[in-house]
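First subunit A sits with subunit B, and in the next complex the same chain sits with subunit C.
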Partner chain A sequence: MNASGRGSAVYHQERPSFGAPSMIPSSRGLVSRLSTSQARMRVNAPTSPWLSELNQRFDEIVSLPKGWDGYSGVAVTFTCATFAANLLERLYVDSVPVPQLVPGSDGSVQIEWHVNGFDVELDVLAPYEVNAIRRNVTTDEVEELELQTDFTALTGWIAGLRMAESPLVRMRG
Partner chain B sequence: MQRRPAHLPDFARPPLDEVVLGVQFDQMPGFTSVDVRAVWDLYRDDFPKVQDQPLLQPIFETFGGTPPQQIGFQPFFMGGALGGVGRVWFISEAGNHLLQFQPDRFLTNWRKSPNDQPYPRFEGIVAAYDSSLRKLAAFFKDRFGNDLRINQAEVTYINIIQVDSFSEATKYFENWKYSPPEIEGLNITTVEVIYNNQRTPYARLIQEVQSAFSPEGKRVYKMSLIFRGKPEGNNADDAMKFLAHGREAIVLNFRDMTTTEAHKHWGIEQ
Partner chain C sequence: MDRRAEDGRIPAGEDEGLSHLSVDPYDEPRIGGYDVIIRRISPDQHVVWDDNRQVRRVSSKAYTKSTGLAEGMSVDIEALIVTAGIDPKDFVTTPVYAGSVAFSGQSIRSLNLWIGYDSLPGNPYHGQVWTTEPKKKFTESQKSGLANAAAWYVEIPGVEIK
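Moving on, here comes the complex of A and B:
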């Protein structure tokens, strides 16, 4: 959706433009005319089951009261949570279970999987500031990465968590 | 003021309709809606009008894994979003220059309409924006004791190309070879990944061409070029370097995407 409330017919994303929204897309083929019963609101919904599952948890961790950890802990910042959600959407692999979200007392958030013989933890300290760690539970071998924009290295880690039949797959059954 | 790089093409009559420059930053702890008035006071002399607008969601350009189906994916949880503070426009008296502020974004827009003022060129727009951004950073430091930590920046150029028929695409766009007698609608989007010298992806250049009708009912192609990503560092200097680089990429892309015939029509000077 852009500043005038009209969204692009191609894909919806926030647009800070203030002039061009007055243009009306010409192609009727881009937005199908549906009867009222068929009409659907097109929204910026995430596409992966992970985020659908984690929506409520994200709401919880960005709404934590000050001192939630018994000390001076603050809620996960909206910026940090949004970046973590963006990252999860990019890393989604079918049949890998939904990760846990663990708030940090400094406003950061940790994304964790403990499955299939591995512990994978992504510590999202700030946008473009992610410390990643993978531990092989059997061998105790530990790998660590510091990542900013490119998360290609994590795709192999996440694929390694794939299970023959994860709880998510069973649930969607 | 920055100088226009000599290798960039220049046009006497560019079809440019709007330029947007902006940064996204980590929300300032403690910022509340009460502080918005103090932010407006920083710019009020040049931007005397104010308007409330809906919040822009954060966008992050990340790489690797599976690209989300929607470019610039946005999450849907909203709890605690920016402390409930919305977005405001600070608008110039003439109505074609504005600043946009919300607790994690600061942008400036210049547009040709409503009064067809001369295009101040990128150098003029970015100099004014640089000054405004530094004022904001100083305000945050003074009031909240924290530095402005910029996490992303963007440049957008929106061109409006008036045509008699949407079948004229071959006259304007270099790679468009298909020309049936009647095209009712046209929509092209390409997304290019931009790498730094270390071969690390850090930005995207999004090119969109869409057929549209102007408010006067005239046929136009709306051509948007967006350069968005992570500056090398988090301060205003880094953001300005990113914006200059983005502008350069956009202008060169515009030249490469459009035809020699169109360049003549727009008065190419180099």
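Moving on, here comes the complex of A and C:
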């Protein structure tokens, strides 16, 4: 969904530079418009296929109308969306499917994968405030992490989602 | 000028710009263990594809509290809607159409969560589910507990609750 026709916020991405909280705004990249102000958000060009595929979805969740959840929910904030995009850019692993994005009523966003026998959910509450869980669907074992600055642990989780590493795929191979 | 409709509700959008001060988290004794607590689910935003289970299902994000000390998880208190003479299924599907799930008061409290009234402009039947310690988020077991306790109230066809 592209909400530009409604005059609400539009989110575009170009190569997020993960880890730089001062990146908004930068002098390059594309611009997001807010209908009621001169605000602009600029991020750099995406290089990962995930972000290319999620471009429209990011656009949608930062453009949600107030009350989208039937209560008083607000759109995903630009800061959360930008941080989530940057995180995804850093975590990208070839052959791991593109994740799904679920908005929170408070402007946060959750990144989710449910593939290869695992549920991995990264709840981006704010920049540098991420609650992460990984559930083994077979054993129901759950790991939980509260992450702020070091996201290294997630790289192993994401690598474990590679479809080529699925036991089923290995058996077929 | 009174902007209320015949059913007592304030039309959507009429209250934009009015501030809403959340109540402090508390546990409302008038909400009984058998009372029905409704949580709206957006069919467009809260539903994900689960490749492991090969189903479309409600995301765990639908069972989280908002950030902020006084913020919880928004719900509708069925008994208040019924007492007002309004069809609750009609009420929770307007003005934004949503599916919804229901919990009992007891099932929520058994997860060490509080339920209280928190009237909103346009929704005097609004409540919140809070953690007993405001700074804390819902734990994974509380989120999965809510998903386990939930039953469809207004079903979204083809979507599993968990």
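By our rule, the second predicted complex is superposed on the first by the 120 of 173 C-alpha atoms of A that agree within 3 Å, B and C clash if a C-alpha of one lies under 4 Å from a C-alpha of the other, contacts with A are read in each partner's own complex, and residues count from 1 in each chain.
Just so it is clear, contacts are C-beta pairs under 8 Å (C-beta built on N, C-alpha and C of every residue); 3 or more make two chains touch, one makes a residue touch a chain.
These numbers were taken from a predicted model, which means no experiment stands behind them.
Chemist: Give one of first, second, both or neither to describe whether A:71 is in contact with subunit B, with subunit C, with both, or with none.
Modeler: In the superposed model, A:71 contacts subunit C only, not subunit B.
Chemist: Once the shared chain is lined up, is A:149 touching subunit B (first), subunit C (second), both, or neither of them?
Modeler: first
Chemist: When the two structures are overlaid on chain A, which partner does A:63 contact: first (subunit B), second (subunit C), both, or neither?
Modeler: The first partner, subunit B, only.
Chemist: Answer with first, second, both or neither: which of subunit B and subunit C does A:117 touch in the superposed model?
Modeler: After superposing on A, A:117 lies in contact with subunit C but is clear of subunit B.
Chemist: Would you check which partner chain A:126 touches, where first means subunit B only, second means subunit C only, and both and neither mean what they say?
Modeler: Both partners, subunit B and subunit C.
Chemist: Now for A:104: first (subunit B), second (subunit C), both, or neither, which partner does it touch?
Modeler: A:104 sits against subunit C, while subunit B stays out of touch.
Chemist: Between subunit B and subunit C, which residues of subunit A are contacted by each of them?
Modeler: 126.
Chemist: Taking the touch rule as given, give the residues of subunit C at its contact with subunit A in the complex, in rising order.
Modeler: Residues 12, 16, 20, 40, 42, 45-46, 48-53, 59-62, 64, 66-68, 71, 74, 92, 95-96, 98, 100, 120, 123, 126, 137, 140.
Chemist: Which residues of subunit B touch subunit A once you look at their complex with the stated criterion?
Modeler: Residues of subunit B touching subunit A: 17-18, 20, 22, 26-27, 29, 53-54, 56-82, 89, 98, 100, 104-105, 107, 109, 111-113, 149, 151-152, 156, 158, 160, 166, 184-187, 189, 200-202, 208, 210-215, 219-220, 222, 224, 229-230.
Chemist: Please give the residue numbers of subunit A that touch subunit B in the complex, ascending.
Modeler: The contact residues of subunit A facing subunit B are 1, 3, 5, 8-14, 16-20, 22-30, 43-47, 51, 55-56, 58-60, 62-63, 74-75, 77-79, 81-83, 85-87, 89-92, 126-128, 148-155, 158.
Chemist: Touching subunit C in the complex: which residues of subunit A?
Modeler: Spelled out, the residues of subunit A in touch with subunit C are 61, 64, 66-73, 97, 100, 102-106, 108, 110, 112, 114-119, 121, 123, 125-126, 131, 133, 137, 142, 144.
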